[in-house]
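Both of the next two complexes hold chain A, though its partner changes from chain B to chain C.
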Partner chain A sequence: MNGNELTERLLSGDRRALARVISKIEDEDPQTPDIISELYQHTGAALSVGFTGPPGAGKSSIIAKLIELFREEDKKVGVVSVDPSSPFTKGAILGDRIRLVDHFLDKNVFIRSMGNRGHLGGLAGGSRLAGLAMEAYGTDVVIYETMGVGQGEVEVASAADTVVLCLQPGAGDAVQALKAGVMEIADIFCINKSDHPQANEAKAEVRSTLEIGHELDPDAPMPSIIMTRGDTGEGIEELKEKIEEHRASLEKSGELEKRQRASQREFVVSWAANKMQNKVQERLQRGDTKIMERVYKRELDPISASEKIFEEI
Partner chain B sequence: MNGNELTERLLSGDRRALARVISKIEDEDPQTPDIISELYQHTGAALSVGFTGPPGAGKSSIIAKLIELFREEDKKVGVVSVDPSSPFTKGAILGDRIRLVDHFLDKNVFIRSMGNRGHLGGLAGGSRLAGLAMEAYGTDVVIYETMGVGQGEVEVASAADTVVLCLQPGAGDAVQALKAGVMEIADIFCINKSDHPQANEAKAEVRSTLEIGHELDPDAPMPSIIMTRGDTGEGIEELKEKIEEHRASLEKSGELEKRQRASQREFVVSWAANKMQNKVQERLQRGDTKIMERVYKRELDPISASEKIFEEI
Partner chain C sequence: MPEETTRVVVAKVGLDGHDRGAKIIARALRDAGMEVIYTGLHQTPDQIVETTIQEDANAIGVSILSGAHMTLVPRIIELLEENDAGDVVVFVGGTIPKDDIDKLKEAGVGEVFTPGTPTKKAVEYVQEAVSAS
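Presenting the complex of A and B:
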């Protein structure tokens, strides 16, 4: 199947074509740019939500419940889930995925895990392209789920229009999130496991941290804090409402356009940086190792070496 | 003071010159390439150790004790500590730093926190350059401390010759580290808070995980697992021995050269990628926004836009 056929099938709602397109994106197939160029005009209307937070906070079960609610409204949902790449993790730790298994059988729900292939910048880029492919396929909602609190992962979530940060009580999550710099990207906070004895404490902790941030920037809207239970579904309806309200307020204020422009710009910048990275890597692999020999012998410093290769390319 | 004067002073052991050089590196000062080109020939002999692991595992107190041991041998020690960038964290959360305060007064110990300035690739790059400056200044040991388990942070630690992964018992750290893909970069595991009731359990958990990895790659050496107590210093001597043994075995096997070459190569590649990123960003800021306008209107897809700008540069 060539790229054209594939995109046509995807646009007509062929699930397998979507799966193949995302695999091509993940494998950095040379057809990717052409495919995206075909699909791009059919994107832009979906509700996009990023979920982030430390592992164990229950993001997957919240997302599973949220999908149920969107499905009740007959909306098509796509999920791009980003796991850090590890030879150990590949297929080994699937606990969180199991909760999503019901939806794997629903053909109006498309769930896809993306490995952290390629290099750092590639993580956000690849998952964004996968999201675009889902939109072109016809999903009304695209959810980006990221595990962990590293910056590469944060970028994935923060490219979405609305970012939900999930924390669990009693794990010092708020302080960790603060340290990792993810608190300021969240539009909505979700304290999961609201039946936990320290749930209210966690809420108070988040609130007081947000208030410090709010003092620094009084014009920024105060994010909502929602208490949820991924296991029973409690609070998820409220979470969904807040997500939709947030989206509506972004549209109204013009902030949505600003965010989307910033996210597109970010993509354009990192795609070019990735390309340069690949080109340098290629050159160094192609036996052009004399220059690295000089670096190793300390005759040439690595910045000068890099500048030289950059100029040559 | 110009760049030349500054590097001369640094090479003669002037502490303030070192501090200023690192600030220039952090600020991406245009003098940086020249400074590094002067300093680079004076580097390459130091023992370099990366410490990573989740916040709260006690890395800083272990490092503080380790510095004591190196100081007893009259070795000069440099520490590059990487905190994720956050408007909240800047100067706000310094708990971990306090434990290092004794060493701040010792002029043979140079501790420096690096913010996550610039972009992703820049985190590993900047801290590596700071480490080079410390080596040129005359430190015998350079320790890279990273907080968190994100990939950007992992890169910082993994560029060191020996990587120590610190975990604490009872926090599910092993599973988290596994998920985050940091287990396979560690040469030495350090289970801190060895007096914790679940310390042995944590050790067993790490061991069994390592054994799975070992089966996949039987040629890889099995990392040591050391039990430590940052508060009393228990086990830190053993940790230091293992670090030195690891370095010696790397030298003997030729692996040290391989690692250092790989790390230099990684630096050269990301420096070029960063440069491209900055150039694209500049171009987009310089009012060259027509192309982004077309992306926003979905007339042009972001990959094509990026390729176009790349070609122009």
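Presenting the complex of A and C:
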């Protein structure tokens, strides 16, 4: 199937075409740029939500319940779910679907699992383009689920308009440790497993961390903290309301456009940088190792060497 | 230019709760560099096929110990064909009687692995069958 036909079928709502397109994105197929350029004009209207947080906090379970609520409103939902690939074999076990099983047969829910394939930042290299493809296919909501993250994986903030950080009680000082990075990108905090004896403590901890930030910067909106249970669905309705409120406030304040512009810009830069990096790698692999030999022998410093290569390409 | 990554759905079909075999094969395929979409227990043929389509998987590994393989497995193949996905490789692992193995293969199953099969054999089979399809 050629790129054109695929794109047409995708735009007409053919899920197999969407699945193929996402594979092409993931495999960096040479057709990808053309496909994206066709799809791009059909995107931009969906509600995009990113879920992030440490492994085991309950991201997938919460998403499963949230999808239910969106489906009650007859919204079409796409999910891009990322799990880590092995850095050694590049293989991966993608297990987020286990929690989403209730939605497998719903033709208005499209779920795609991705291995991060070495991409840093919590998402896979192709996640954002996969989200775009889902939008062009006709989903009203695109949900990004990062792999379990530590502190510095904040890419989801540029992929999604609203970021939900899922935490679990009992992690104690972990919240403290999360102060920077991932804590800063969250628009909504979700303390999952709210039946846990230490759930309220966790909430208080998050709140006090946020209050310090608020004191230092009183103009920034204070993120909501929601208590949820992924197993029973408790609190998910409130979570959905907060997501929608957040989106509405972004639209009203003009912040949405600002965010989207920044994110598009960042995407363009990172795509170009990635391409450049591949070119540099190619250049170094293409026989001519003289320049590297000079670096190894300490005749040439690494920065001058990279400047030289950069000029050449 | 990265090459195409092989993606395999590993599924437990029907009403049995023994997923150790499925987990072992999932792990072995992962260690061979494949992406394994693991969907958990009690899957129906419809669920497995829909997952395979959305995930654009090259192969399905069905683990079944309940004895219902003669109903469930051919149904998966039927559904794949109905969905224009007949090129997906289907292999089965489990306690399958010898007579049934031939019947399953006739129905379109690529290979059947019974208890005691070294995982290496299954991995090699998937690699070969996917690159041939």
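Keep in mind that, in the parts below, the second predicted complex is superposed on the first by the 283 of 313 C-alpha atoms of A that agree within 3 Å, B and C clash if a C-alpha of one lies under 4 Å from a C-alpha of the other, contacts with A are read in each partner's own complex, and residues count from 1 in each chain.
Note that in this section a contact is a pair of C-beta atoms (placed from the backbone, for glycine too) under 8 Å apart; a residue touches a chain by one contact, two chains touch by 3 or more.
If you're wondering where the values come from, they're calculated on a predicted model, not measured in any experiment.
Once the two complexes are laid over each other on the shared chain, residue contacts for A:Arg15 go to chain C alone; chain B is not touched.
When both complexes are overlaid on chain A, the residue A:Ile36 reaches chain B alone and has no touch with chain C. In the superposition on chain A, A:Met276 makes contact with chain B only, not with chain C. Once chain A of one complex is fitted onto chain A of the other, the partner contacts of A:Gly170 are absent, as it touches neither chain B nor chain C. Of the two partner chains placed by superposition, only chain C is touched by A:Ser23; chain B is not. Contact with neither chain B nor chain C is seen for A:Pro221 once the two complexes are overlaid on the shared chain.
After superposition on the shared chain, chain A has more residues touched by B, the comparison being chain B against chain C.
Applying the stated touch rule to the two superposed structures, the overlap between the chain B and chain C interfaces on chain A comprises residues 85-86, 89, 93. The touching residues of chain A, when paired with chain C in their complex, are 15-16, 19-20, 22-23, 26-28, 30, 85-86, 89-95, 97-98, 101, 104-105, 110-113, 115, 117. Across the interface of their complex, chain A is touched by residues 32-33, 36-37, 39-41, 43-44, 54-56, 83-89, 93, 116, 119-121, 123, 147-155, 172, 175-176, 178-181, 183-184, 209, 212-213, 216, 257, 260-261, 264-265, 267-277, 280-281, 284, 292, 295-296, 298-307, 309-310, 313 of chain B. Here chain C touches chain A in the complex through residues 1-5, 7, 26-27, 29-40, 43, 46-47, 50-51, 53-56, 83-85, going by the rule given at the top.
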